[in-house]
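Order as written gives the chain letters A, B, C and D; numbering starts at 1 within each chain.
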Amino acid sequence: MTWDYIFVQVANGAVIGIIYALIAVGVTLIFSILKIVNFAHGDLYMLGGYCAYYFIALLGAPPLLAMLLSMATLFALAIVLERLLLTPLYSDATERKDEYGLIITFGLAFFLRNIAVIIFGPYPLKPPSFIPGVQHIGEMTVTNDRLFAGGVGIVLILALLYFMHRTIWGQALDAVSQSRESAAIVGINSRRFNSVAFGIGAALAAAAGALIAPIFSLAPDMGVLPNIHAFVIVILGGMGSVLGSIFAGILLGEAENLFTAFFPDPTRALAYTNAFGLLILMVVLIVRPQGFFGRRHLRME
Amino acid sequence: MSAAAELIRGVSLVKRFGGIVANDTVEFSVVEGDLVGLIGPNGSGKSTLINMLTGHLPPDGGEVVVRGHEMRGQAAHLYAAMGVARTFQLTQLFGRMTVLENLLVPGLTRPGSTWRSVVQQARSTLDFLKLTHLEQLHAKNLSGGQQKLLELGRCMMLEPAILFLDEPFAGVHPHLRDQLITRIQELHEAGRTFVVVDHDMESILRLSKRLVVMARGRKIADGPPADVREDQAVLAAYAGS
Amino acid sequence: MLVQGRRHVGSKLAALVGGLVLVSTQFVGAPANAADPIKIGWVGPLSPPGGYAEGVLMKQAAELAADEINAKGGVLGRPIQVIFQDTRGQPEEGTAAAERLISQEHVVAITGEFHSSVFLAEMEVAHNAGIPIIAVDVWALKITAKGYPEVFRVAPNQALIAGKYGEWIAAAGFKNVAFLYEKNDGGQSARDVMLPILDKHGVKYDVVGADPSATEFTAQIERFKSHSPAYDFFMAAYSLAGAYPMMNQSHTLGFAPTAKTGIANSGGPAVDPTFWKNVGEGGKYVVTEVVGLPKNAWNDTTKAFVAAFKKKYNHSPSPQAIENYDAMLLLADAIGRAKSTDGKALIAALEKTDIVLGRGRYTFSTGHTPDWAYHQFMDAPVALIQYDKVNQDAEDAPIIWPRDIADVKYLYLKPGQ
Amino acid sequence: MRGLHIYILLAVAALALVFADRLSSYWMHVAIIAMFYGILASSWSLLAGYAGLFSLGHMAFASIGGYTSALLVQWYGIPIPVGMVAGVALCCVLGGLIGWVCLRMTGPYLAIFTLGFSEIVRIIFATEDDITAGMAGLHVERLFSTTSRLPYFYVAFALLVVSLLLMGVIVRSRWGLFLRAIREDEQAASASGVAVARFRILAFAIASGFAALAGSFYGHYIGILTPSIGGLDFMAVLVVMTVIGGMERLPTAVGGAFVVEFLLEVLRGYGQWRLPLFGIILLLTMRFARNGLLTPLWLRFVQLGEPRAVAATALRDVPQKDPAQ
């Protein structure tokens, strides 16, 4: 067990962790504004990946442009979905909005995943790399695609933070996330911001899908695992905290990588990697339900 | 302390939220037959105090004694079993249960209660509150005032020794407010003990025999309403807010 | 008021009873008409969580076979109709599908399936009904070892496939194998068959299981890389989508295929239509099995099938597809020889099968030694190939094992040689 | 005629029993699986519909029950019913434990927690294949040696009826009232003297026990168990069934299970299109008829034979008696 080995594993954990975080920030954003956990996020991620693939394959768009187009597509699609499905969340007549949001997004996930098999076909697809090749950093080998995904991921998250804290629209969104009523008093139409937030969340999912497609390939059921990863991160990072998501993403990436790398029984290490992440999730929920970076209790007792 | 038995006592209760001290060593006790008004500006710690006294918020310091029993670490439903009933600042009913069912829940938690007797008791409570005609309606479909009445009824079903009413008059139509005050007075005359929290000075003064004033997490006055009204500290607190 | 209420109830009751009678006619089977088409059932995964990628290819091949049979006038003067049933890789759906095919659709035989666990449930139904069922791409030994007369298998089983890998690894001189398998029926049975053979030849190995949904293998591959002494071969048993990221990561991380370490994957994805699209450079030097005839041994049926399949569906057939195609033709042949669609007669005819189809000359063993031999297509072709070019079709890749059909001198092409 | 609906249900049940042997083997299998789902849907409705505890771990308990019974029977040769009882008992304890651990969680937190639990259970069953045979499928001893499905039909029928009766007693008793109060407002329930923690744990324990009952029956009926029974796909189907039927009443949940299972089979020929279709129906149900598609029908059905004036006020099923007395 050399230091090189440990370095390589830790570095890889950080890279994959940032990629995980990119998937999770969308869930965080949607939660902080709409107060629902989006169970369909992994499937929007899947759609985003496929959209980017088809923009490249059919229109010959360069990968980065395809990613942006895919984000725009998912933004629009998400707003339609939000208008169609989520409006009861804003009505006082709706009881138990938690449950409504849960079942409706769960059902949406079920629908999207199964319709994707029909639309996109069963075979795994892989769009071309953003930047082909690999980098060697000491003993560590990492593909350019991972570095690119991590880099763009950080840029997108920073852009989101900038948007939230430095622009009028972002401030308004943040106000809505703090209190719907107060926002209404100062004349912010929270209805529109819900759509925007859901759209941005979906666009972030699409970006993640497009960035990650060259790394893991596309398959209709590819959203299931990232969805679970996103939940782990969002819980770990504290519901509603974007910065917390980044830390938690890296933490999860490290936890999983180091588990696989050092779990004493090598036969089971890989098989239990996902279970380990979930175990962390469960323990955090029991011990510290507000997460490690949560800025406030959100509807927890 | 008079001859009347002490029902509930909070001993140097402390509660902090983050850096804010919501209750700072508050002493509070109620004897049987009392009708206490609890007032104070917004954020003075009234609701925090009530939440601690009824078991809905564990104190960071001090303790709550109900009828001589120390209640440390006990769940809220055990307070209810000891005869401590309460309403909430924002009415909290069982929205998609009928008016009758809302009353059955507390009734049936009492040990030894039978379904038949509890239904009977619930019906007479509805009679008393003049809500009988709404018996089969979902509670969420009642008006704000009717909901306050129903919440009061739910407390009564516990046959409590003491009732904490958290802002019972907030947002209630004046007509229904008078009705509410009448009901409280009737119940008080029948021997129930009340602690009423509200901003509505007029109603509180009409009702209470004793007035407690809180400001910035501390109790600043406690005594007959007439005395408290003249208290300099109270005037200062209200002027300052 | 009361009377009105009653009348209301009466009409409702009548509607209810009427509805029930209407529905119940659905539930009781009716006898088949002699002039109807001969129905053959197909079962397999067409949606998640099953292995729907393979299932779809198999279904397409079965459709193609039925079209061709019908174009030639059908069997016994009757057309063939295939009834397709999605089983989603779930045993209870398999039972339901088989029951439906047999008791509702009155099929005379069933083919298909990609998951051993599901086939085990389906064959119980077929066994109870006395309907022959041909296993198309399920490899568990237990299937034929149970000794049900109704069950035939055109696929090679795990003993024939994983066994070949084991022998080849030993012959090629690998000494230290990293064995990574997917935690499903295919991966597990590959492990169970292959490891004793490696033991027998004194090849050392380490075994790692992976959840089928896993796509991130970086940490595991780094762990392999850091192992001392270094592994000289990376054997993967993967049948689902995880295979591609696994091979990609193994390649880009410089683990295998490299001059130091070879790589093989058993289970199918390395011969699927989108293999090269997904793995690119990383696919060169990969060893995998082809459960069909090698191209130099293709007969007219094989060539015609491959051409027709490509024409109809615009992509290459997988070996599983040819298996399913042949299974359909086998059934048509047996029905023709039995001059009947009766289960017993069909089974008897199938046992006497001797016909050359897309995967060579079919016969079914009737012996029970070893126990899995019963009704197994013993000569099911299995060849190990190794890609030596990027974007190479599986049928163009050189065969390296078994030696009697190998078309290259070497046992293994080391990268860089 | 009061309670006409009860007589109709009894008559339908009697007809089903008498004419069961006329069903073709296929429809009998569909009926058995529908009843299996019926037990799961009704017990999940007890948990999610009545108590408001939206758990995604229900199928995990079914799989634990199934594997427990199968393995105990295999290892110790105990009679199958004893194995099933053991599975149920274990899941009651485990369910209670999960209920205790997640006492402070509500809504999405509870859903995510139980999702994590069920995935861990699935992964353990898949990974420890030297014990469970993993995804290759555990061979389970069947309840009867006969090839006929009829005895299974009767057993499934009996299990469903007994489960529904037991759960029916619970939801019509004060316990049911308390569970609904907890669902509506935990704080108000505790202020009303309801021992919230105790009843939440109880709800988990009871529902998990019934899930285990269904799961163990499933194993001994199909004869093979794979870890995927505890997976998200099964759970999704269960949610679809219960929500489409109406998750806040036991009969509508069971009805949902029956209708969806029946339609899944009728539409089997459409293969891949079946599931997205039910996805859409689920979304539409949630969006426009949140109480479930069967709930209005059921309320009408319950009123059959009652004069309309009475019927109008009886829209709510007010508990009439306390069977716990």
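The definition used in the following text is that contacts are C-beta pairs under 8 Å (C-beta built on N, C-alpha and C of every residue); 3 or more make two chains touch, one makes a residue touch a chain.
Everything numeric here is computed off the predicted structure, so don't read it as measured data.
Think of each touching pair as a link: the shortest run of links from subunit A to subunit D has 1 of them.
Looking at subunit C and subunit D, the chains in contact with each of them are A. Ranked by how far their CA centres sit from the centre of subunit C, the chains are topped by B.
Once the centre of each chain is set as its mean CA position, subunit B and subunit D turn out to be 41 Å apart. Subunit B and subunit C have CA centres that are 71 Å apart.
A straight line joining the Cα centres of subunit A and subunit C is 35 Å long.
Measuring from the averaged C-alpha position of subunit A to that of subunit B gives a distance of 46 Å. Looking at subunit C, one finds that residues 47-49, 52, 183, 209, 211 touch two or more other chains.
Shared interface positions of subunit A, defined as residues touching 2 or more other chains, are 114, 117, 224, 268, 271, 274. Residues of subunit B in contact with at least two other chains: 95-96. Pairs of chains meeting the touch criterion are A-B, A-C, A-D, B-D, C-D.
For subunit B in complex with subunit D, the residues that touch the partner chain are 54-56, 75-77, 80-81, 85-86, 88, 92-98, 100-101, 104-106, 108-110, 114-115, 136, 138, 154, 157-158. Remark: subunit C residues 1-2, 4-6, 9, 12-13, 16, 26-29, 46-49, 52, 83-86, 88-92, 95-97, 99-100, 102-104, 116-117, 120-121, 124, 128-129, 140, 183-185, 188-189, 209, 211-212 touch subunit D in the complex. Those residues of subunit C that touch subunit A in the complex are listed here as 47-49, 52-53, 55-56, 180, 183, 206-211, 213-220, 222-223, 226, 241, 244-245, 248, 252-254, 272-274, 277-278, 280. Chain contact summary for the complex, subunit D toward subunit C: residues 4, 8, 22-27, 29-30, 33, 123, 126-127, 129, 134-137, 139, 147, 218, 222-226, 228-229, 231, 233, 265, 268-269, 271-272, 274-275, 304-309, 311. Listing the residues of subunit D that touch subunit B in their complex gives 174, 177-178, 180-181, 184-185, 187-197, 313, 315-316, 318-319, 321-322, 325.
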